[in-house]
């Protein structure tokens, strides 16, 4: 069985299914109960699971830190952080405890926690409601960093994240929450760490995730070349092999993200390509990214964000090199 | 006039000089007063400036956040965070306010704050006393990220940081605090954003900062080739030009850091070289870095940290490529 | 000493103008008729700004907006107790306090249009811009109140936050630091019963929010936050104390009558009866009846006030629209650092080339 | 209601065995002679472990070590109130509590040798490893106390932290969450007068640390932390309450008699007279005199205890040394994720090739 769902509905559907499947799952966060979440991603769950769905105080360190304890007692905490930048309030708990509990106890205590958080620009939200700090999270060993880019992907990746015994930061692109519907299979798990070849291509490989994948697909439409598109889906671990294989074929590559350019994930991917496909590269790898400025308020948001035009220009430049 | 000082003495000397020069400077942090700091980097300052040197409660968000207010009243806060990973407790204040105050108010309010913090491994410290999250900080627009690698560099860079009207994260390598003395000029300011060519070289360019610069210089000694060594000193802004110029000459490059490999600063530097020196590269750029594991406790610390041997091997591999 | 009591605390609660319009003559602050009318007008001004802003948001002319409807007494009463050089450190729902403190309505509108221009702080304004991260700004107010003391100045900082914000560790750290450094800071917790959908009973197990101060060793007081005279009374006391290095926490009991923000639909989490009840307890109404009974406010004055406010707001809206038209997107590069670093120089050049390309 | 008191609080302080050895008969807990001797032995065991550890550190055999000398009553008295299945959530100075709870001394030594092996939690141990970031672990104890309640189990979590830790927002958040969720959690603040060099008067403006609980709406009590009978008494009550979903904060007044850690030199910030004063008020001495007076402890028993402890510690040191010899550095790759991701597989291979190369 399957259903046509929007991304935000796929989140809800997955949470419901996992709450049903596993009594240890507990869903909590600010406003996720009675109101069903500020994006309605948890709507109705509290009615079915009043003992495992909780509205919390406004305290992100508390949300993340309490998860460490819940997990120690055998529960599987699935926390919502209302917007990604508010995960910074709990950054210390994430980096010092969630990510390290397994390694510092040599696997005797684990923290199978999933932290869902809406990220990114494009919906004209308030200040600090549109950040994408995936590079920072991917730089913290012990965490997995996961990005869905469609309703079905959401189902498959969120299911895998909740079931994973490693902690996951699950980044949900707000601008895709309601942007389109897609057939979402009923029981669906996508292994973490496997990229998806969205479009195979011969001339250039474009790597993009989350909401930037949609922009990329738009950009590609207008290009008269065989453009391969890869969605890594998990940024740590990163499926380097799939990307490298493609670039060995195409010799050219562009990477898209909305986070600021410097020290963003594109740098990491370029470094890996430099290591593993050096002799195949026919042009510098292009970065189409946000700028090194704080994500501006929404009047300048569209100017900040990479869009299909900018991505298209980046692809063309790379194709034309040499 | 100048004096032969250890790095930790150079910190103290600089703080004293800036407290003397500018009445607005205020030095505060955990144990920086009466005890003179856990590394003695602030020893004696409270005796000379009892009204501008403060022991604070154990609260890093408080330390960082209060700095925003102090700065608003016209002061120049110089805060010590006792160990770099405890800056995570104040990460939200850093990312949401310190870094953004200027941009979000269009320059009408600024935050000329310097956050000094000891970082890195090599002194057999406790857990979470040895982290290096420079890549995360450099990914936050609005911050400058500065790394001294010697006593004289400390003086020059810390002076510039305190005088800078932009906020600075100033990363002090604990293992160099007392490792050697150097002539430190009396009045010395090194502009932020200018790399230092430590050794010019023709065959390969090695980029390293902080304590890894020392390891690199040790490694280079044993290599029978003309090895250029560059210390970027400031990771944001990064003096790309100096690095690119050197690599255009050498065609080969290795980058060293002790932070985990994935999403570390080496990736960023590789990305920039890929963009600006693509046609000059004769070999893949080598990364000699920490592993993608949480900085282990000290029994395994030496196995984690890049040392002269590993750096030497990385340089040799790169020299031998092709 | 086997078992003894080593410390005791009690929480005072103050009300001057009761709901039934009785007034406590001992506590009533000595405000002139002009001052009383100013307080009234400021409450009306903010109310009207919020109403117009909601309408503008519905028409797509503003982004997400957080109205303060119902909280005007709590804010105007406190902000009115400040001196000109005092500091205001707001959260994101402080229209009433900002207007009292001198922020122009068009700045508020520009901010709501997603423009950093609206967060510019004019020279000497003694304010910080809105703080979106809940509970993060009280620490700034502590830093200001500490910095003013260090520089032997008398100015205080007043900061606003909600019931929900008190759950953030930062708010506790702010009050604790203030206690240690005798910061010249007044903390105003507007207990408006909700943090988005979350009622106060899910926020904390305490009987009051005022008692949060006990953990920080600073003074506190609770007040009927819909009673502008009571609020002003406790605020004036608190500001005086703070000026002498004694920080104070005020809990103002009020109610958020409208939606959390324009993105919110309160019917998902509260009954409309509750809202009606609080409509009757509206702080402006209560104060208006008081002024009318006292003979301070007549129809003519009311009309003059309304007219003034409407004119001002019309001008403010026009001004904000104009500034929006003039907006230069490239500005986003210009205020990140004092000087443009090479990275941004390059990115700005690329940006301009691209924009140039587009407009060709 | 013009001005009224809406809430009142008082802080109780308890002492059972006074410094002059008088005992409050009403409050004295009913512990058998055997239990009393166990409490005594545990305090001695920890003291001796700390002494030996300091010596080992001085010889370069351990890394930085945080002795609990002087705090044995505060910890043993509280940990002794736990049931077998209860949880212990320590900070970095909890040797006395850990030993009571069942941690082997050799694990403590391994941890001090910089080995993750020392932070392994044996199955069913109901403990978390040491927490180095100050104030970060009480939230874990709240999560545990909440999780146990959610799963309808009776176990409580007890967590330890210092006077300094209370300044971290996390500790407040932990208590506030606990209040909201009726977490089965006991918070033990050991007020040992110092946070490294920083005295309590610079840490907070409060009269007590117990009152920090008032902000979170949970119960609290202060106790003479050098009086193991008093500590046990309040801990037993607190544990019972927590088992019923009423979290409690205990402030134990004690003194850190030794250095903060082996890296610290207290002479930089306190007078040796102060230390001598507290030497006379040592919790083990006080309890020992009590047991002797009661006729529970004689020379023979003391000797037997000393001998047992020395033997155990000698064995523990040997065990720790052996495990250190066997240490496999490549293990650092193996416990980061459940399965080795490709990145780590590759890095591990490179690591092993390099090590292989070296040993050739």
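Every chain is named by a letter (A, B, C and D) in the order it is written, and numbering of its residues begins at 1.
In this text, contacts are C-beta pairs under 8 Å (C-beta built on N, C-alpha and C of every residue); 3 or more make two chains touch, one makes a residue touch a chain.
Bear in mind that the values here come from a model prediction, so they are computed numbers and not experimental data.
A.B. asks: Would you kindly count the fewest steps from chain A to chain B, each step being a jump to a chain that touches the current one?
C.D. replies: Steps on the shortest route: 1.
A.B. asks: Please indicate which chain is farthest from chain C, where distance is taken between mean Cα coordinates of the chains.
C.D. replies: Looking at centroid distances, D is the chain farthest away.
A.B. asks: How far is the middle of chain B from the middle of chain D, if each middle is the mean of its Cα atoms, in Å?
C.D. replies: Taking the mean C-alpha position of each chain, the two centres sit 35 Å apart.
A.B. asks: Taking the mean of the C-alpha atoms as each chain's centre, how many Å separate chain A from chain D?
C.D. replies: 39
A.B. asks: For chain A, give me the residues that contact two or more of the other chains.
C.D. replies: 56-57, 59, 61-62, 85-86, 88-89, 92, 96, 103-104, 127-128, 141-142, 236, 238, 262, 291-294, 296-297
A.B. asks: Provide the list of chain D residues touching at least two other chains, using ranges where the numbers run on.
C.D. replies: Where chain D meets two or more other chains at a single residue, that happens at 116, 119, 132-133, 167-170, 173, 176, 180, 202-204, 331-332, 336, 341, 343.
A.B. asks: What pattern do the touching chains form: line, ring, star, complete or other?
C.D. replies: Here the contact pattern is complete, since every chain touches every other one.
A.B. asks: Which positions of chain D touch chain B when the two form their complex?
C.D. replies: Touch residues, chain D against chain B: 63-64, 92, 111, 113-116, 119, 130, 132-135, 164-165, 167-170, 195-198, 202-204, 261, 263-264, 268-269, 324, 327, 329, 331-333, 336, 341, 343-344, 347, 351, 354-355, 358.
A.B. asks: Under the stated contact criterion, what part of chain C meets chain B in this complex?
C.D. replies: Residue positions touching the partner: 87, 89, 116-117, 119-123, 128-129, 131-133, 136, 139-148, 150-151, 153, 157, 169-170, 173-174, 176-177, 180-181, 331-332, 334-338, 341-343.
A.B. asks: Looking at the complex, which residues from chain B come into contact with chain A?
C.D. replies: Spelled out, the residues of chain B in touch with chain A are 85-86, 88-89, 91-92, 95-96, 99-100, 103-104, 127-128, 133, 135-136, 138-139, 141-142, 236, 238, 259-260, 262-268, 270-271, 274-275, 278, 281, 283-285, 287, 291-294, 296-297.
A.B. asks: Write out the stretch or stretches of chain C touching chain D in their complex.
C.D. replies: Spelled out, the residues of chain C in touch with chain D are 1-16, 18, 24, 26-27, 167-173, 176, 179-180, 202-208, 210-218, 222.
A.B. asks: Using the touch definition from the top, list the residues of chain B that touch chain D in their complex.
C.D. replies: These residues of chain B touch chain D: 30-31, 33-36, 38, 55-62, 85-86, 88-89, 124-129, 261-262, 291-294, 296-301, 303-304, 309-310, 313.
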